[in-house]
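In what follows, structures are represented as C-alpha cells.
You will see chain A twice below: alongside chain B first, and alongside chain C after that.
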Partner chain A sequence: MEKFKSIIRDYPFIAFIIAFVILAFVPSVVFTDVYQSHLATLIFVNIVVAAGLNIVKGYCGQVTVGHVGLFAVGSYTAGTLFLYLGLGFWVTLPIAIIVTAFFGVAMGIPSFRLEGPYLALATLGGGEAIRLFIENGNFFRSTFGISDIPTPSLMGFNFDSPDRYYFISMTVMIIAVYFSFSILRSGVGRAFMSIREDPICAAAAGINVKKYKILAFILSAMFAGAAGAVYAHMPPGYIHPNNYTVIEMVTFLAMVVLGGLGHIWGGIIGAIVITIVYDLTRPLYKYQLLIFGLTIVLTILFMPKGLGGFIDRYFLEKRFKKKTGTEKT
Partner chain B sequence: MNKLRNVFSVIVFTFGLVATSIAQAETIKIGVSFRMLSDVGYKHGELITDTVAKWNKEGTINGQKIDLTLYNDECKSEKGVANATKLAYQDKVHVIIGSSCSSVTLPMVPVSAKAKVPQIIPHSTSADITKQGSEYIFRVPVSSRFYKIVQGKFTAENQGTKIAYIYGPDAAGKDFALSLADYMRENYNVEPTYMVQSGEKETDFRSYLTKAKATNPEVLVISALLDETVRGLVQSYEVGIPKSVHRVTASIGSKIEIPMNAGSAAEGVTYAAAFDASDKRPEAKAFVKMIKDKYGVVPDHDFSQMMDLLDILEIALKKVKFTGDLAADRDKVRDAIAATTDFRGLASGPINFCKSGTPECRDGNRTPVMIEYTKGGKNFKTKVAGTVTFNASAGL
Partner chain C sequence: MLLKTKQLSKSFGGLKAMNKVDFELPKNEIRGIIGPNGSGKSTFFNLVSGIYDSDPGSYIEFDGHDITFTPPHEIASYGLSRTFQLLRLYQDMTVINNVMSGYHTRVPYKFFDAVIGRKKIWDQERAIKEEMMELLSFVGLADYAELNASELSGGQRRLLVLARAIAMKPKLLMLDEPAAGLSPVNVDNLMKIIMQLKEKYGLTLIIIEHILKVVMDTCNSVTVFDHGQKIAEGTPAQVKDDNAVIEAYLGKKMDDEEMRKALAV
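Let's turn to the complex of A and B:
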C-alpha cells in the first residue's frame, strides 16, 4: 500500500487514470436509470466551474461574483458557432475555452485596483452585463434561446443521450480537475496563495501580483468556458439566458464555500453536495430554497472551513492518534 | 490517496441516495413540471393536486390510484429538462404535464419524445413547440400561430394599420410583437411606425411611449410581462397618448391584474386569449365561482387551460387499460389523448387532437377569442369582440 501511495505521489496522473476507469464503470454498476446520468453530468459541469472558481477565489483570494457570465460566454460561444457555422462539439469546445479566456482578462483587470466588496460589485456587473447582452441580442437568439445544439459524436458513436453524454462530461471534468490540481500544486499555485494571504508581502517577495491575478482570472475563465461548452452540447442541446442569472452565480459560490474556500477538493465536494441536495429537495419545491439556505448557513456555522476543512481535520486527528497512540484530549 | 478514496465514496454514496422507485402496475403516475414561483403559480399547482385528489377519492379513473409528482421548473430550461428526465426515467410517469413557459417546454419536447412519454402542455404558446414533430406532444392552449392571425386581422380591420410596438425581452412578449409585426408586413404591407424592445424589469416606459406618440399611431401594442404591461398602459395616458389610440396586449391581457392594477387605463384594451372570465356559459360561470371560492382569484385563461387539460386527461385515462408494461401503457395514454375530438370545455372553442405528430394534429385549440375590457378596476368588465376557428394548418 505504501509503495502504491508513493507511486501516486510521484505520478499523480495515475490517480486520475484510475478515477477515470472507476467513473467509467459507475453508470453500468451503480446507476439504475438515465436520470442519474443526467444528474452526474450536471455535477461534472458544476465541478469544472467550481474548480475554476476555487482557483481565483479560494486560492488567489479575489472576490468574483461574475463567474456565471463567463460560463454563459462558454455556452453561447459553442451555441453560436453551431448556429451560424454548423460547428460541432470538438471544435466549439477549444474555441469556447479561448474566447472565455479573453473575457477572463476583461473580468480580471478591475482586480488591479479593486478589492473585496468593490471587486465583487465590479464582477457582478460584468456577469450581469454579459447575460443582458445575450438576452437583448438577436444575434444570440435573445430570449428564444438556441436549440438543437448537436451532441458530439466520435467515430460514428453519438453521445446523444444522458447516459452516453456522461462520458463526455466525465472526461472533461477529470482533465479539468487534473489541471486544477497541477496548477495549484505548482509554483503558480503557491504564488496565488501568497497573493491571497498578503499581496504586499507577495510583491516584496518578488511575485508579480498583477500578472498572477490576471492569470488566476484567465485560468478560472477557461474552466468556466469548458463547462459552458459541455453544458451547451448536453442533450437536448438548448441554452437560454435564464440559466445564467445571479441565482446560478450564488449557487456556484455556495459550492466553493460549502466545499471549503482554498481547499484543493473544495469546489469538487461543494459541487457534488449542492447539486445532490438541490435534486433531493426537488419535490419539496415550496421549501427548497429554505432547505438549501439552511444547509449552507449550518455548514458555515459549524464547519467554517467547509466540508473540505472538516474532512481534513478528521484525517489530521486520525493521523495524530496513529502517530502518538493517544486519544484526543 | 485517502482523500481520493473518500471523494469516490461520497460520489457512490450520494448517487445511491438518489435511488429510484419502481413503477407499480396498479398506480397511474402523472408528473408535472411548471413554474410554481408566484402566488398564481402555486395556485395552478393546487388546482392539479386538488383535482387529482378528487379523482382518487371518487375513484374516477376506473378506481385506479393516481400518483402525482409536482416539480417546480422556475421557468428555467435547465430545470425543465432535468424535471422531464427525472419524471420520465426515474419517477417512471405515464404522462407529463408541463411547462408554463415556452422556453422551458421547447427543450422538454425532445426529452419526452426520446423517452416516449406523452407530454401535455397547459400554457406554452410558442408555435415552435409542436413544429418539432414529436408524436408524444399535445398542446391545450392556442398556439401563437393562431394568435398572430386573429390579432393581426382584427387589428387591421377594426383598429388600424399604423402600429407602434413596445415589447419586453421575455420570450412570450417578444414573440407576440414580432409575429404580429411580421403578419402586418406580409398581409398588409405596413411597417411598424415605431418598434422597441424594453430592458429586463424596466418599469418606466415613458421615453419609449413619447417616441411612439410622435409617430401618430392608430394602435399601440404593449407586449411584456404582467407588471410591465400594466405600467405601460398607465404611462401611455401619462404621456398623453389619446384614448382614440387602440391599446393591444399579448394574451397576458387575460390576467386579472391587468384591469385591477391598470384601472381605467385598461378600458378599451384588446387581447386574444382562450378564455374570458365573463363567459356566460353555465360551465364557465361554475368554473369562475369554483376558482374564486377555492383559490380567491378570478381565473385567467391559464387557469381555464389547466382545467381543460385535466378534463381531457381524465377522459383519456379512463379509456386506457393499464397493463403494468410502462412503455405500452405510455403509448396507450398517448393514443387515448390523440383520440380527443371535439372536446368542449372552458376554452373558446373545441379541442381536437389526431394521431400524427404534426402541428396540425397537436395544436388542439384553434379558436382564439378577441376580448376587450369595457371597464377597468376591481369590478372590471369584458366583452367578446370576436371569435374565429382556424383550419389546422393556418399560420404554418
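Let's turn to the complex of A and C:
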C-alpha cells in the first residue's frame, strides 16, 4: 500500500487512469436506464465548469458572475462551426477552447481595477452581453436554437446515444480535472491563493498579480469552453440562448460554494450534489432558484468552506490531536 | 551599496510624506529607522518596495538595479523582501502554504510543466516543502504547519510573517515594526530569532521599531525621520544625543531661562 501511494505521488496521472477505468464500467454495472447516462453526462459537464470556476473564484478570489457567458461562447462556437462549416466534435472542441480563452481575457481585464461586488457587476454585464448578443441575431439561429449538432465518432464508432456519449464527456472531465489538480497543487495554485488573500502582499512577495489574475481567467475560460462544446454536442445536440441565463450561473455558483471555495475538490463535489438535486427537484421548478439561492446563503453562513472544507477539518483535527496530544482551541 | 535613494520624494496631494531623502545602506548592516508616528517610515518602505510610485525626480537603486519605477514583484525578484506593519497574513491558507508562497520567486519550474504535472514538479515541490518545514521549525511553528494562519496567536503570527519574508532568501529584509504588540519576553525571543536568521542567510536588515531598546541594542546604525525628512543618521549612541532627535521625540530642550518664562505664564 505504501509503495502504491508513493507511485501515485510521483505519477498522479496513474490515479486518473484508474478513475477512468472505474468510471468506464459504471454505465454497464450501475445504470439501469439511458436517462441516468444522460444525467451523468450533465454532471461531467458541470464538473468541468465548476472546476474552472473554482480556479478563478475559489483560488484566485475574483468574483465572477459571467461564467455562464463563457460557457455559452464554448457552446455557440461549436454550434456555429457545425452550422456554417459542418465541422465535427474533434475540430470544434479545441477551437471552442481557444475562442473562449480569448473571451476569458476580455472578462478578466476589469479585475485589474475592480474587486468584490463591483467585479461581480462587471462580469455579470459581460455574461449577459454575450447572451443578448447571441439572442438578438439570426446568425446564431436565436429563435429556434441550433439543432442536430452531430455527436462525435471515432474510427467508425459513433457516440450517438447518451450511454455512448457518456464516454466522451467522462474523458473530457477526467482530463480537465487532472489539469486543474496539477495547476492548483503547484506553485501556480499557491500564487492564486496569495492573490485572493492579499494582492499587495502577494506583489511584495514577487507574484505578478495582473499576470496571474488574467491567467486564472484564461484557464477557467478554457474549462468553460470545453464544457460548452461538450454540452453542445451532447445528444440530441440542441442549444438555445435560454440555457445560458443568470439562473444557470446561480447553479454554477451554488456548486462551487457548496463544494467549498478554494478547496481542490470543491467544484467536483458541488457539481455532483447540485446536479442531482437539480434533477430531483425538476417538478418544483418554480422554487429551484429559491433552493439554490438558499443553498448559497446557508452554506456561506454555516459552512463557509463548503463540504470539502468540512471533511478536511474533521481529518485535520484528528491528525493535530494525534501529533500534539491536545485539543485544538 | 545595497540600497541607495537620491532625492526620494512622495506627496499625497499637498502633504509631503517623503521629502528629498538621501539614504544609503551598505551590505550586512542592521539599520534601525525611528521617528514619531506619521514621520514617513512606512512610506519609505512602501516607496522602496514599489507599492507606491515615487514622485518624479526620485531615484532608488537596489543591488545595482534602478528600481525607481519597477513594479513590486520585479523588485522582489531582485531579492528585496519586506513585512508589513499590519502583517497582511494570508488568513485563509495553511501555515505551510503561507511560507511556501513566499518562495514564489525561487520556484524553479515553468508554468507549462505544472499544467502537464510532470514527475519533476512533484519532486521539486516536495523539496520546497521540506526546506520550508525546516524554516518553520527554526522559528518554532512546525507543529502548526497544517493549521490555518488565522488560528495562530499574535506572537506566532509575527513569527510566521517573518518566516514568509525569509522564504525567498532575500538580500535585503525590511521589517516594519516586527515586535509591535509583543510582551518584553517575546520581543527578546523574536530579536534573537531575527539575529540568528541574519547570520544564517547573510541578510542585510532595515528595522522600523518603536521600542528604542531594541533599536539601540541590535542596530549598527540608526536613521531618524521626522515629517518626511531625514533628520539624523549615525550610530545609536550618536543619534541618542542628537538635539534634533530629542526635539522630535520629546519636544524642545529648554535652558533655565526659557523654562522660567514658560512656567511664568
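One rule holds for everything that comes next: the second predicted complex is superposed on the first by the 296 of 329 C-alpha atoms of A that agree within 3 Å, B and C clash if a C-alpha of one lies under 4 Å from a C-alpha of the other, contacts with A are read in each partner's own complex, and residues count from 1 in each chain.
The working rule: contacts are C-beta pairs under 8 Å (C-beta built on N, C-alpha and C of every residue); 3 or more make two chains touch, one makes a residue touch a chain.
Please read these numbers as outputs of a predicted model, since none were measured by experiment.
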| item | value |
| --- | --- |
| First, second, both or neither for A:Leu253, with chain B first and chain C second | neither |
| Contacts of A:Ala221 with chain B and chain C, given as first, second, both or neither | neither |
| Partner chain in contact with A:Asn243 - chain B first, chain C second, else both or neither | first |
| Which superposed partner A:Phe13 touches (first chain B, second chain C, both, neither) | second |
| Chain B versus chain C as contact partner of A:Val209, first or second or both or neither | second |
| Contact residues common to both interfaces of chain A (with chain B and with chain C) | none |
| Complex contacts: residues of chain A adjacent to chain C | 9-13, 178-179, 181-183, 185-188, 190-191, 193-194, 196-198, 200-209, 215, 262, 316, 319-320, 323-324, 328 |
| Residue ranges of chain C touching chain A (in the complex, touch as defined) | 49-51, 71-73, 76-77, 81-82, 84, 88-93, 97, 100-105, 107, 109, 111, 114-117, 119, 121-123, 125, 128, 143, 146-147, 151, 164-165, 168 |
| Chain B-touching residues of chain A, taken from the complex the two chains share | 4-5, 8, 15, 19, 22-23, 26, 30-36, 38-40, 42, 132, 135-136, 142-145, 147, 161-162, 235-240, 242-243, 265, 268-269, 272-273, 276, 279-280, 282-283, 285-286, 288, 311, 315 |
| Chain B - residues contacting chain A, complex | 1-4, 6-8, 10-12, 14-20, 36, 42, 69-72, 75-78, 81-83, 85-86, 88-90, 103, 106-107, 109-111, 114-115, 128, 169-171, 174-175, 197, 199-200 |
